[in-house]
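Following this line, the structures themselves.
Note that subunit A is present in both complexes that follow, paired respectively with subunit B and with subunit C.
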Partner chain A sequence: MDIITRESLKRWLTTLMDRYQVMAPVLAEGNHLFRAISSTDEIAWDYYNSVVPPKELIFPLTESLFTLEYQNGVPQIQEPVIDRQTVIFGLRPCDARAIAMLDASFMNDPVDVPYARRRALVTLVGWACVRPESPCFCVNIGGAPNGTQGLDVLMTEGTDGYFVEPVTEKGKAVLEGAELKHTDAVPPEPAALPAFSTEGLTERLPEVFLSPMWQQQVEACISCKICTFLCPTCYCFDVRDRRDGEAVERMRCWDSCQGAHFSKIAGGYNPRATKTARWKQFFYHKYLYYPERFGGVIACVGCARCVRKCPVNIDIREVIQDLKEDISA
Partner chain B sequence: MVAVENITQLIQEKARELLSSGQVELVIGYQRASDGVTARPAFVRKAEDAGKLIFDQTCTHNLGKYAIEHRGKSLAIVAKACDTFGINVLIQEKQIVREKTYVIGINCPGVVESSFGETGDRLQYRCQICQEHAPAVFDYIVGDPILEKPLDFDPYAKVKELEALPQEERIAFWEKHFDRCIRCYACRNACPQCYCTECVVEQIDPNWVGAPIQVPEKQIFHVIRAFHLAGRCIGCNECERVCPVGIPLSLLNMKFSLEVEQQFGYKPGRDPEVCAPLATYQPDEDLGIGG
Partner chain C sequence: MTSAQPGGNGRNPYVPYLAKIENTLDLTYDVRLFRVRLIDPAVEEAFVYQPGQFAVVSAFGVGESPFDICSLWQPGAPLEFAIRRVGTVTSGLHALEPGDVVGVRGPFGNWFPMEEYRGKDIIIIGGGIGMAPMRSVVNWVVEHRADYGALRVLNGARSPQDLVFTNEFDLWRSSPNSELVLTVDRGDDKWKDRVALIPAVATELQYSPANAVAFVCGPPIMIKFTVKALQGLGFQGEQIITTLESKMKCGIGKCGRCNIGQSYVCLDGPVYTFAQATQLLEEL
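After this line comes the complex of A and B, so read on.
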């Protein structure tokens, strides 16, 4: 395998900045977030994971789909230009795996044009988690702290620098010019995470849809959108028009099934009027509906952002555990 | 942390008594969280489940939020001193009925800073500046009374520091912080004083505030919320605690609280009989506006 020293890595990233926009984890007022950087000094080398997942770089919180303006009485449609080659550096394998799941949904026929355009321009250079900690649970749900799915390059921090593993052709291309050295050493193995099983869960979810367990699990929910907005695989959005004089801009903005009005329809009826119904939608989408559509893959990568940041400690691992008991009871 | 085992025991005993006698149908309190070290809200309906209730200095949540959700039911609620101020505001604003709300008030030693799996000895800032450790409304009180000591620092120092900056710098300060806001509304939804069934920023017709998650919309949301809380915010600071991206919302809320206190000599929730200056209207009042 190849290895690169921290100093060479910085030089390589600095060279990349001529051709690419480089996004990396930075510390913004105490919060680790992905932002465009202009110097490698901005990188939070010691970060664990970002608060907001890097999905926001491919599927922005808000984006313009088109603008309609009248020119001499004739309506003209302008689409935003998406042409910036981008390297997302330092994302975790769980988040890269989540991007692969977003790809399955957005790039499925009919292809989502702005997503596909942005995605084609992005190269993902990931960092393995050498010291993953509970409540992370990637290993229990098909991922690994050093998994390569979704990545173009995987880097693993060792004592003498970073082990470099190109995963795709795109990854090989971006590494051109990097000062790599061959080594016989092997990357460190990630620390073990507590094990629990999600086997058989998807298959049995239809029969527990009406279980009273859901109401108990979700009783403390305050219907905020943290679990969904911080989830690297959630991708619901709302499309709205913004008018400015004669011009109209069509925007798409993140939306969340946890919002009380999310499912409300014309006439005022709300099919998911309770927080239990709403939270169940969050869970079922990941553990049943997505797997049903996309080859059995559970759309949860075990990043545990929802566990860490839930204001009232609704813990998806506990729900999985309780469901298993409910199913076997 | 301060020893509070006896508080836990007293809460459990009271909950058992209230549920088995049928005086209340629900006890809202705290239980141990899934991380084994912090706390989360608990909802107890059977006397035999009262053993899961706890109290310690990680019990940060303001449970008044759930009193609104369960309004109409006979319930008991565990409330720290500041939480009881919030309960008084809800009574004053006719959101909950005093007679149906059994308040288990706590002489509160303050709560510590904590996050999932992590806790320590450091009191939250709101507790460092607290000078009212005794509940304002209760049916049963637990915990030893706490001696109030005058502060040897200005609790509003940060607010005043920010206020002293030129306008452009203040705008830049808030823009920098609001840039991180993701409009998850956790601040609003954790707040017991935010109970509108349809929030103005989510109204579609008329659409006062657009859906974009961009700085102008975020700024409008936070400023509207701060105005709506003026003279009503009791300083529990749950909004700031639940914010996933660390926006210092207490600075906004403290600024408004300071203004209301200076203008009207009023602190919300201490006595529900006292007229709330910005939330009360008397038909014969001369407002000094209009004809």
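After this line comes the complex of A and C, so read on.
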């Protein structure tokens, strides 16, 4: 395998900045977030994971779909230009795997063109998690702290620098010019995470749809939507118009199935009028509906952002455990 | 069972085609029929749709919402939408005038498989604005009259003032072997027809399930009880066709709003047999 020293890595990233916009984890107002950098000094080398997943760089929190202006009374539509080659540096394998899951939906016919345009311009250079900690549970849900799915390059921090593993052709291309050295050493194994099994979960879900446990689980929920807002595999969005005089901009922004009005139609009918119904939609979409539609893959990567940030301590790992007990009961 | 959109692959599906409101017709005090023409002739030519398909219509600066295309496709004919003023976007659309420009995305979704039902008796039950998608089925059968058996239409609304497409009733009645029954929840001095809920009328009319297919569209509660009435008459789940009403934003199965079970109503629907719909509604 190849290895690169921290100093060479910084030089390589600095060179990349001529051709690419480089996004990396930085400390911004007390939170680790992915932002465009102009110097490697900005990188939070010791970060654990970003508060907001790096999906926001491909599927922005808010983006313009088009603008419309009137010229001599005739409306003219202008689409935003998306042409910036971008390297996302330092994302975690769970978040890269989540991007692969977003790809399945957005790139599926009919293709979501704004997403596809951005996605094609992005190269993902990931960092393995050498010291993952609970509540992270990637290993229990099909991932690994050093997994390569969705990544173009995987780097793993060792004592003498970073081990470099190109995963795709795009990854090999971005590494051109990097001062890599061959080594016989092997990357360190990630620390073990607490074990629990999610096996058979998807298959069993249809049987427990009417179980009273769903209501019990969300009794404390205050519908703050943070679980969906920070989830790297959530991709629901809203579409709205913004008007400035005669000019119109159509925007889309992230939205959440946990909001009371998410499925409410004009006239007032709300097919998911209860917190329980909305909570089931969240859980079933990730663990049953998405897998049914996209090749059996569970749309959860075990990043545990929802566990860490839930203000009322709802823990999806406990939900999974409840479910298994309820099934066996 | 979805059709290709004009423009094909690579075109941004969120960018609407521009269309001009040719004229409008007030169907009731709050439902207006919009006839709109796609401005680009190439788009208009490629915009081929089937009964039951929908389009997402924009009032620019206000927003966009999905609406059934209630006209039958014909080369060069405008698209028709029967739009009830009930929310933000519909109010924005009602504020527009003939000559104003709207956005249209589509055609989206699946459709009523009318070819499959050739030779059958066609029962059409529409409640309120739910008559909009039913109108294209009625007019399809009227246009292809020899291909189908009896045409029995049951159109209900809250009040006589809420009945839509009253201007087409004579055309429907005069079609051979056709029946049109009207009912309202609450009549007035001038109302001479039935005052009864749709499910009760359906039972009273004793629709026969033999070689028949029933289309039902309306508010969720009306669909629920009408389907029960039809089942009481012996209709099987596959003989009852309905459209599911769902909040939609994107129209192309991405935004997540219309997701029920593994189905996206905008992609896999909005037309379902009741057998399919029952399975989905259990997931709510």
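The working rule: the second predicted complex is superposed on the first by the 329 of 329 C-alpha atoms of A that agree within 3 Å, B and C clash if a C-alpha of one lies under 4 Å from a C-alpha of the other, contacts with A are read in each partner's own complex, and residues count from 1 in each chain.
Keep in mind that, in the parts below, a residue touches a chain if its C-beta (ideal position, glycine included) is under 8 Å from a C-beta of that chain, and two chains touch if they have at least 3 such contacts.
Keep in mind it's a predicted model, so treat the numbers as computed, not measured.
Placing subunit B and subunit C on a common subunit A by superposition gives a fit, with no clash between them.
With both structures placed on the common chain, the touch criterion links A:240 to subunit B and to subunit C. After superposition on chain A, the vertex angle at the CA centre of subunit A, spanning the CA centres of subunit B and subunit C, is 90 degrees to the nearest 10. Residue contacts after overlaying the shared chain place A:267 against subunit C, while subunit B stays out of touching range. By the document's definition of touching, neither partner reaches A:44: not subunit B, not subunit C. Of the two partner chains placed by superposition, A:36 touches none, neither subunit B nor subunit C. Residue contacts after overlaying the shared chain place A:121 against neither subunit B nor subunit C.
Contacts of A:284 after superposition: subunit C is touched, whereas subunit B is not reached. In the superposition on chain A, A:223 makes contact with subunit B only, not with subunit C.
Once the two complexes are laid over each other on the shared chain, residue contacts for A:107 go to neither subunit B nor subunit C. Put simply, the nearest alpha carbons of subunit B and subunit C end up 6 Å apart when the two models share chain A.
Touching of subunit A by both subunit B and subunit C, each in its own complex, is seen for residues 238, 240, 255. Contact residues of subunit A toward subunit B in the complex are 28-31, 33, 51-52, 61-62, 134-135, 219-220, 222-226, 229-230, 238, 240, 242, 251, 253-256, 259, 261, 307-309, 311-313, 315, 317-318. The touching residues of subunit B, when paired with subunit A in their complex, are 33-35, 38, 40-41, 43, 61, 65-66, 115-117, 176-177, 180, 182-186, 188-190, 198, 202, 210-214, 238, 241-242, 244-246. Those residues of subunit C whose C-beta lies close enough to touch subunit A in the complex are 5, 9-16, 18, 58, 60-65, 86-90, 101, 219-220, 245-247, 249-250, 252-262, 282-284. Taken in their complex, subunit A has these residues touching subunit C: 65-66, 68, 75, 77, 79, 105-106, 108, 110-114, 209, 235-241, 243, 248, 250, 252, 255, 257, 262-267, 269, 271-272, 277, 281, 284-285, 288-289, 292-293.
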